[in-house]
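Should a chain be cited, it is by its letter among A, B, C, D, E and F, assigned in written order, with residues numbered from 1 in that chain.
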Amino acid sequence: MYDRQGSDIMNSRSILVIVRHPPHGTSWVREGLEAALVGAALGQPPTILFSGDGVLALLAHQQRGALGQKGSAAMLEGLSLYDIEPLWYDQRSLETRGMEVSQLMPGCQQACVADLIARHDVVMSF
Amino acid sequence: MSTLHLINRSPFSTSILQELADAVSEGDHVLLIEDGVYAASGTTSRVLPEDIELWALEEDCTSRGVTPTSDTVGTLGMAGFVALTASTDRTVSWF
Amino acid sequence: MVSQGLTYALMVQGAPYSQQASHSALRFAEALPAQGHRVATVFFYHDGVYNAASMMSPPRDEPHLLERWRALHQTQHCELLVCVASAVRRGLLDEGEARRHGHPHPTLEAPFELTGLGQLMQAAFQHDRLITFAP
Amino acid sequence: MYDRQGSDIMNSRSILVIVRHPPHGTSWVREGLEAALVGAALGQPPTILFSGDGVLALLAHQQRGALGQKGSAAMLEGLSLYDIEPLWYDQRSLETRGMEVSQLMPGCQQACVADLIARHDVVMSF
Amino acid sequence: MSTLHLINRSPFSTSILQELADAVSEGDHVLLIEDGVYAASGTTSRVLPEDIELWALEEDCTSRGVTPTSDTVGTLGMAGFVALTASTDRTVSWF
Amino acid sequence: MVSQGLTYALMVQGAPYSQQASHSALRFAEALPAQGHRVATVFFYHDGVYNAASMMSPPRDEPHLLERWRALHQTQHCELLVCVASAVRRGLLDEGEARRHGHPHPTLEAPFELTGLGQLMQAAFQHDRLITFAP
């Protein structure tokens, strides 16, 4: 599959994955992260941005769900191993949710959303 | 005669709490479950009148890393959730 | 806590694996007997009908929702009713519907039953409580 | 099926159907109305309340979708034939959406939501 | 270099427009589709900066009985939707 | 309007019959050729995978979404790719997956193909535009 296009095409297009939904209640966060991980495995780590309720996925001290649902915290902590770092977040989304930077897991960094979008060729939303 | 109101969506991306504030009667209970528990910490739930009892489901708080504001929000296990549905007359889900 | 046991109807409107509604409904239903209650009817509506997809094959380290519903049926003897209009358009057919639409095999099997909305309304009339688990 | 319980049980429990989602974009409105119609066919017409984005279903002059989707306007106009009337709406939801009563289809009436809920035995949400 | 932002959810029960206001750049386009077209009438869309172009998909307005506020919101058919995705550099969906 | 034709990838995340996403994606895709463009890849993810349910049987007066996707495949020669991880847990299995999970019959058929997320990322790298149709 990797051969289907030249690697110069691969390298010429940058991808931004935006996560805008909260973890646990739906599968959006996991699905966005899985797409990002596969991009990294193909040699092209996407940029990842948490905005809106997506910033709730960055809260420290999360656990598995009561019925054994995995959540997304473990995946997030592993992203840096695949050169997906930092975990960009929208500061305004944090503020409107009454959250402090100190509540976030390690590896998060404040983003300018408009700039991030303008700097990428393709944007995927989850 | 009282009603249990279930909220399972994030209070930040919806206007459910504002809508609920007009729909509750004195003595009603509101239980936050799933992504609704994000309303359990901070000041989000202040739009609700003071004569209703506000609860959050403990297991959904735990998985999300949410600590309820203890002086305004009680926490319940699944047994407490069941008991609330039995002791109230009807349950309304807001989503 | 309550001396007399109540019968419950649950309406499940959330799709499995994308929303927590099925998990919450199962956790709730499984907690009823400890207080003397039981779930009598589960009615699957909206995307909740996908809970009945008979070939559901989750990874081993994730809950198998269909098996959980089947276990609930066995322990509490509840009906597992699936809205027929919602199910058929989405491709969930029992043996009769499969035949009627010219397909050789069903995609929905017992203990799940395709029924009309009349069964939902009757469950609401008949049981002590109706609780909706939504996406 | 109708025989499975005595009609006295049937008549002893009242049902409120609350519609809180907008029409067209999702199937919630149609599904709520279909449940209400079946209740009426069983001799027990539910009360129906439009709140939140549900009030958008009451806008006059709606049409079918571009791909032939039916929408809900025709169903709503037929409810009175099944003794489901009036179409109750939450005034505050109307106001926060900048809507006027004059924009609604015929047969709508302002509700007190808290009272409606307290007066019914069972509430179904869509 | 510009971006097309697609909005398909009701502006009344979500806070997407407020979030979008910080995410747009000068010259970007915003297209309201599906339940997003409820933001096309009235003053809902005023939170967006004035240097972006606001559009609503005509067929979704028609089915919903929505009349866009003509001095601030343009209407487009499906051909116009396609043309916007071609003339901008990327499309972002907000939902 | 544009002199050179573009290739499009569509990501469809909405479930059929409960959300408008599939309808919007189809309307959009069908409008591409008039301006010289074409859809090269449709990738179904999240509850969008249910668009590929092969026994989907809507009432006659409603659009048959599976048939519309099939027609799109024929006219624009696009791939119809379904995320295999999302599909299998939800009970959508092609012949190989059905065999592997001990089921006698598939619930997903050509022209739909089960593929990994690598194909989604490659479509994003390869085609000129990616448009997401979400619930």
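Simple rule for what comes next: a residue touches a chain if its C-beta (ideal position, glycine included) is under 8 Å from a C-beta of that chain, and two chains touch if they have at least 3 such contacts.
Fair warning: this is a prediction, and the values are worked out from it, not measured in the lab.
Asks: Compute the centre of every chain as the mean of its C-alpha atoms, then state which one is farthest from the centre of chain E.
Replies: In terms of C-alpha centroids, the chain at the greatest distance from chain E is C.
Asks: Rounded to a whole Å, what is the gap between the Cα centroids of chain A and chain E?
Replies: Chain centres of chain A and chain E, defined by C-alpha means, are spaced 25 Å apart.
Asks: With centres defined as the mean C-alpha position, give me the chain A-chain B separation in Å.
Replies: Computed from C-alpha means, the inter-chain centre distance equals 29 Å.
Asks: So which stretches of chain A touch two or more other chains?
Replies: 24-27, 52, 65-66, 69, 96, 122-123, 125 - these are the residues of chain A that touch more than one other chain.
Asks: At least two other chains touched by the same residue of chain B: list those residues.
Replies: Residues 8, 12-13, 15-16, 34-35, 59, 78, 90-91, 93, 95 of chain B touch two or more partner chains.
Asks: Quick check: what residues of chain F touch more than one other chain, meaning two or more?
Replies: In chain F, residues 17-18, 20, 27, 46, 62, 86, 130, 132, 134-135 touch at least two other chains, as defined above.
Asks: State which pairs of chains touch, listing all of them.
Replies: A-B, A-C, A-E, A-F, B-C, B-D, B-E, C-D, C-F, D-E, D-F, E-F
Asks: Spell out the part of chain B that touches chain C in their complex, as residue ranges.
Replies: Going by the criterion above, the answer is residues 6, 8, 33-35, 59, 78-79, 81-83, 85-87, 90-91, 93, 95.
Asks: Residues of chain C touching chain A in their complex?
Replies: 17-20, 23, 26-27, 61-63, 135
Asks: Taking the touch rule as given, give the residues of chain A at its contact with chain E in the complex, in rising order.
Replies: Against chain E, the touching part of chain A is residues 18, 20, 51-52, 90, 92-93, 96, 113-114, 117-118, 120-123, 125.
Asks: Residue numbers of chain F touching chain C in their complex, please.
Replies: 15-18, 46-47, 50, 53-59, 62, 86, 88-93, 97-98, 101, 103-105, 107
Asks: Residues of chain D touching chain C in their complex?
Replies: 1-2, 4-5, 9-10, 13, 15, 27-28, 31, 34-35, 38-39, 41-42, 44, 122-125
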